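What follows is subunit A paired twice: with subunit B in the first complex and subunit C in the second.
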Partner chain A sequence: MINKYLASIRMGFKDMIVYRFHLYMSLITAPLSLLIYYYLWKSIYSYAGQAIINGFTFNALITYYAINTIIGWFVYSEVDAWFEQNIINGELIADLLIPVNLFSHYFLVHRGYSIFGLMVETIPFLFIAKLVFNIPIPGFWILMAFILALFFAVVLEFMISYIVGLTAFWLKRITGIRKARRTIVLFLAGGMLPLSFFPQWFQDISFFLPFKYIRDAVVNIWLGNYEIIGMLQIYLLQILWIGVLGYIIYLMWKRASKRFSGAGT
Partner chain B sequence: MKNIIEVRNLKKTYKTHERKSGILNAIKSVFARKHRYDAALKGINFSIEPGEIVGFIGPNGAGKSTTIKILAGLLYPSDGEVQVLDFIPWKERVKYVQNIGVVFGQKIQLWWDLPPLDTFELHRDLYKIPKEKFEKRLKFMIKIMGVSKIINKPVRDLSLGERMKCQTIAALLHKPKLVFLDEPTIGLDAVAKERYREFILSTNTRFGTTFLITTHDMQDIEKLCKRIIIINDGRIVYDGPLKEIKEKYMTTKILDIKFDGRPVGFKHKGCEILKRGKYGLKVVVDLSKSKINEVIDYLIKEYEVVDINIQDTPIEEIIQRIYKEKK
Partner chain C sequence: MELSSELAYKWNFIIKSIALIISCIITPIVTLLIYNNTSGIPGWSLEEFILLQGTFIFVLGIARLFMFDFPSKIISNVRRGEFDKFLLKPYSPLLYLTFSSIQIEGIAELTTGLCLIVWSFVKLNLDIWSFGFLFYLMFIALGILFLYSFIILISSLSFLIVNSYALFDLFFKLTDLSRYPASIYGLTVRFFVTFLLPLAILGYYPAEAMLRGANLGLILQISIPVILFFFITLFLWNRAMRKYSSAGG
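Let's turn to the complex of A and B:
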């Protein structure tokens, strides 16, 4: 018998094993994506005729995309889809009948997914990225700092996804909202292009929004672009946003659980 | 003896939106939603003592599932008081559900892509069941339910009946004092239903587990429940021993008869023809006037009978009768 929390993690791990082939495919698609970015930016850098664009060397930029891919795997959250599905078919009750805090349980199941993904996607991909694309692996302390920031980023993205999921209590079908969230957050977080490529006003606003701290800031820690002060500031802002989003979730859940009809179609 | 469930003046009103059919109305509803209030529970009262097996019956939409869901802590009531095992169910959900087991016949409560065994192990850890107790209890229930061959198959590959049995196991592993069963025998064949009922009875006898069962299957009621609560249109119309209902209201049976040839001029004391078909008759027999076997003997003697089906008065009719009386 194991601890309640480990039990949820283990269940997620077991569940992901069922979908392992889907993860194996990532090892084909991710390097391919990286290859496209490689050739695209290679031609941009050679056309621009300069070694640094918007603060990035070519190698750093490729690393940016590779690490973003890895972050994407870790922050992946389907909790919004779970809410949509389980509210529409009424099967949310199954998760409300077990002695778990819903938020923790869902979060920990995802961590089970992440652990499996670490083994089957991340580590192999890092190998490929290092060998084929020569991306730098930072030293121990920077790596630890990255992992800490990554953890907070995972919590942040999960909370955003959770909030979107809770809207299903009111809106039921939120497929469109879910898709929009994924793309918008990806964009605002610097998942498609580093934030330093955007206009200064956009970068300034990004400081006050939570999205930067999900990807852009985290990748830049890997790249060694922050001093200790900079890293501490990032952690502070991540924790701050976790607090804010956590409070929003608390308020929404209070109202949502009163609305719940448990009927389903 | 302190009651394990106390329900006082429980009310629940659902707010939904109404939308008429048609494209125009669909577009209209995007801009101006018409709200509708459905009173599912209009003030119900009842208490249940520990160790009882109570049947909770009523027509579809009467409020059975709503009541169960409120008692299970899944829904908030609109008004009234509920006390279960010294808890207010929806207020301390995580602590509360440690003490109850719930099986919903129409919902999936096991992890879909994994074998039931994985869900069982999850429950073991979530409910903190000691390993030895868990193994013993699991072994016992697997044997009773006859599911040893399927607990390692993914739930998505199981039939409804197999899934129901496994869901019941999952709900009872932690030996809850109180169990809610919502249409639990759905999808089970006759033999499985029998074994299921026996399992409920023995659990009740051995551990004093309290059961509240909603069902449409009258056999479930007959075999399991000494007491039944009938709910109709959000109100309790009867709460008492099953025996009383049977003596008072189940005074008729329906005969569905198929003849070899046209049914001609059938008359018998206490019999009223409900429906006349080409080769069959549906007859209502007033048991206070004639015994069923009398009528059947007469039919077989006088006519070429191919098949006779004996049906109980449907519960809906009994409820209508009770309800009319209450008025």
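Let's turn to the complex of A and C:
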């Protein structure tokens, strides 16, 4: 029973072994990005003459970018590209015959990626970040709270990308929406700049949108910026959005599969 | 030909262009947010910094439009063993590939970059009938030459390395160094982006020349590494070509 799920994870893991060169490369590119942010913000902080800007000390901001990189590796999802390819090539049928349902299968293959990435990217990168940039590692309980929020974030981003993938049933080629999804979600989630740098009205809106709970809120848990109540609120909103997106996927899938089998006969 | 295959999926093309414009606009929005919350980067006002970023996006747009398709074309052809068809053409494979590769998405970046440049020119009241502007154009041309050399380098390496797509990632990450004024970096990195791998030519030096003028010493100091880099990559390309044809025989 559990074996067939493990098979999906193993499949993703093996995929990554093939692409491992890309992952090794990110051990050069990720610290390089962090180095650029380090210089950029060092000059900005010293020019501003403030120790704290929008609630961030210099060190906290660099940590923000470092943890963001790690979250980026975990939430990474290419399920939308799979839908596009499989629908155009007609190979979706093969994936539908797998004894695991399609959503779980695709999700678990991605978790195979995550497990491989954890060993090859995340842990070495954390070491570099700790040694070179003095990134603080939180205590056990905060770390656990972070991992839980990260898990929900992974599901959220996966669902958004799954919805984008499903549009391929109607639009066929979706390279454009896929690219837009990546940049827009990254930006709205606070992947380029913490949301506290955004105007107040924007922060108010983000509270009700799913994006904040993919990156900004999760990093702030790592930084210890939330009390218990604040964390519970984040989990609640994450679960709420998982429910909403799940329902959207359910509705879209119902229509799409009707359309797909209709084309098959 | 590539344009027509893009247009076969009309909606995808339209959405893709919008997506690219959005991702281009996000960069200046982030800049604006930074400048709204802090005093900005030392020595660079918002308008000046936007000029730097606009120039960078513009140069990258030109490169994407005319060059970025070129390495992937080589990689896929080498993998399928079809590269030999380029060697049979009556002109040099480098020139043929250069002029036959177009990625139409580049137009979005090019336009965004141009808008940012024009905006900052108007805001800063810059004079285009000046030596500064002449040097600005010259540095942009050098920047394009530099990106072209880089493309040749990646393409040459793709004959030797199987995982050459990973080099693309590294290349894009390296160009991130040119998004900000070279003056913010420490001495080592600054030396690196000026002389060893002249990435600063993509935004910092053109903007610097436009805003604060340039003298002959500076021009020489900047153009020599770029031109040298071009000849080195050309040499590597020729080596790679020789190696490839001998492997085929």
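The rule we apply is simple: the second predicted complex is superposed on the first by the 258 of 265 C-alpha atoms of A that agree within 3 Å, B and C clash if a C-alpha of one lies under 4 Å from a C-alpha of the other, contacts with A are read in each partner's own complex, and residues count from 1 in each chain.
Basically, a contact is a pair of C-beta atoms (placed from the backbone, for glycine too) under 8 Å apart; a residue touches a chain by one contact, two chains touch by 3 or more.
Computed from a prediction, not measured in an experiment: that's the story for all the values here.
Trainee: With subunit A superposed, do subunit B and subunit C clash or fit?
Mentor: They fit: once the shared chain is superposed, the two partners occupy separate space.
Trainee: Figure out whether A:25 sits in contact with subunit B (first) or subunit C (second), or with both, or with neither.
Mentor: second
Trainee: Which of the two partners, first being subunit B and second being subunit C, lies in contact with A:176: first, second, both, or neither?
Mentor: Only subunit C is touched by A:176; subunit B is not.
Trainee: Would you check which partner chain A:208 touches, where first means subunit B only, second means subunit C only, and both and neither mean what they say?
Mentor: The answer is neither, since A:208 touches no partner chain.
Trainee: I'd like to know which partner A:140 touches here: subunit B for first, subunit C for second, both or neither.
Mentor: Touch status of A:140: no partner.
Trainee: Counting residues of subunit A touched by each partner, does subunit B or subunit C come out ahead?
Mentor: Residues of subunit A touched, subunit B against subunit C: more for C.
Trainee: Who does A:14 touch here: subunit B (first), subunit C (second), both, or neither?
Mentor: first
Trainee: With both complexes superposed on chain A, which partner does A:36 reach: first (subunit B), second (subunit C), both or neither?
Mentor: After superposing on A, A:36 lies in contact with subunit C but is clear of subunit B.
Trainee: Draw lines from the C-alpha centre of subunit A to the C-alpha centres of subunit B and subunit C: what angle do they form, to the nearest 10°?
Mentor: 90
Trainee: Could you tell me how near the closest CA atoms of subunit B and subunit C get once both structures are overlaid on the shared chain, in Å?
Mentor: 6 Å.
Trainee: For subunit A, which residues lie in the overlap of the subunit B contacts and the subunit C contacts?
Mentor: none
Trainee: Under the definition above, what is the set of subunit C residues touching subunit A in their complex?
Mentor: 9, 11-20, 22-23, 26, 29-30, 33-34, 36-42, 163, 165-166, 169-170, 173-174, 176-177, 179-180, 184-186, 189
Trainee: Show me the residue ranges of subunit B that touch subunit A in the complex, using the header's touch definition.
Mentor: Residue list for subunit B touching subunit A: 14, 65, 69, 72-76, 90, 93-95, 97-98, 100, 102, 104, 107-109, 111, 113-114, 118, 121-131, 134, 154.
Trainee: What part of subunit A is in contact with subunit C in the complex they form?
Mentor: These residues of subunit A touch subunit C: 21-22, 25-26, 28-29, 32-33, 35-36, 39-40, 42-50, 53-54, 171-177, 179-180, 183-184, 187, 192-193, 197-198.
Trainee: Applying the document's contact rule, which stretches of subunit A touch subunit B when the two form their complex?
Mentor: 1-4, 6-8, 10-11, 14-15, 18-19, 90-91, 93-94, 96-101, 257-258, 260-264
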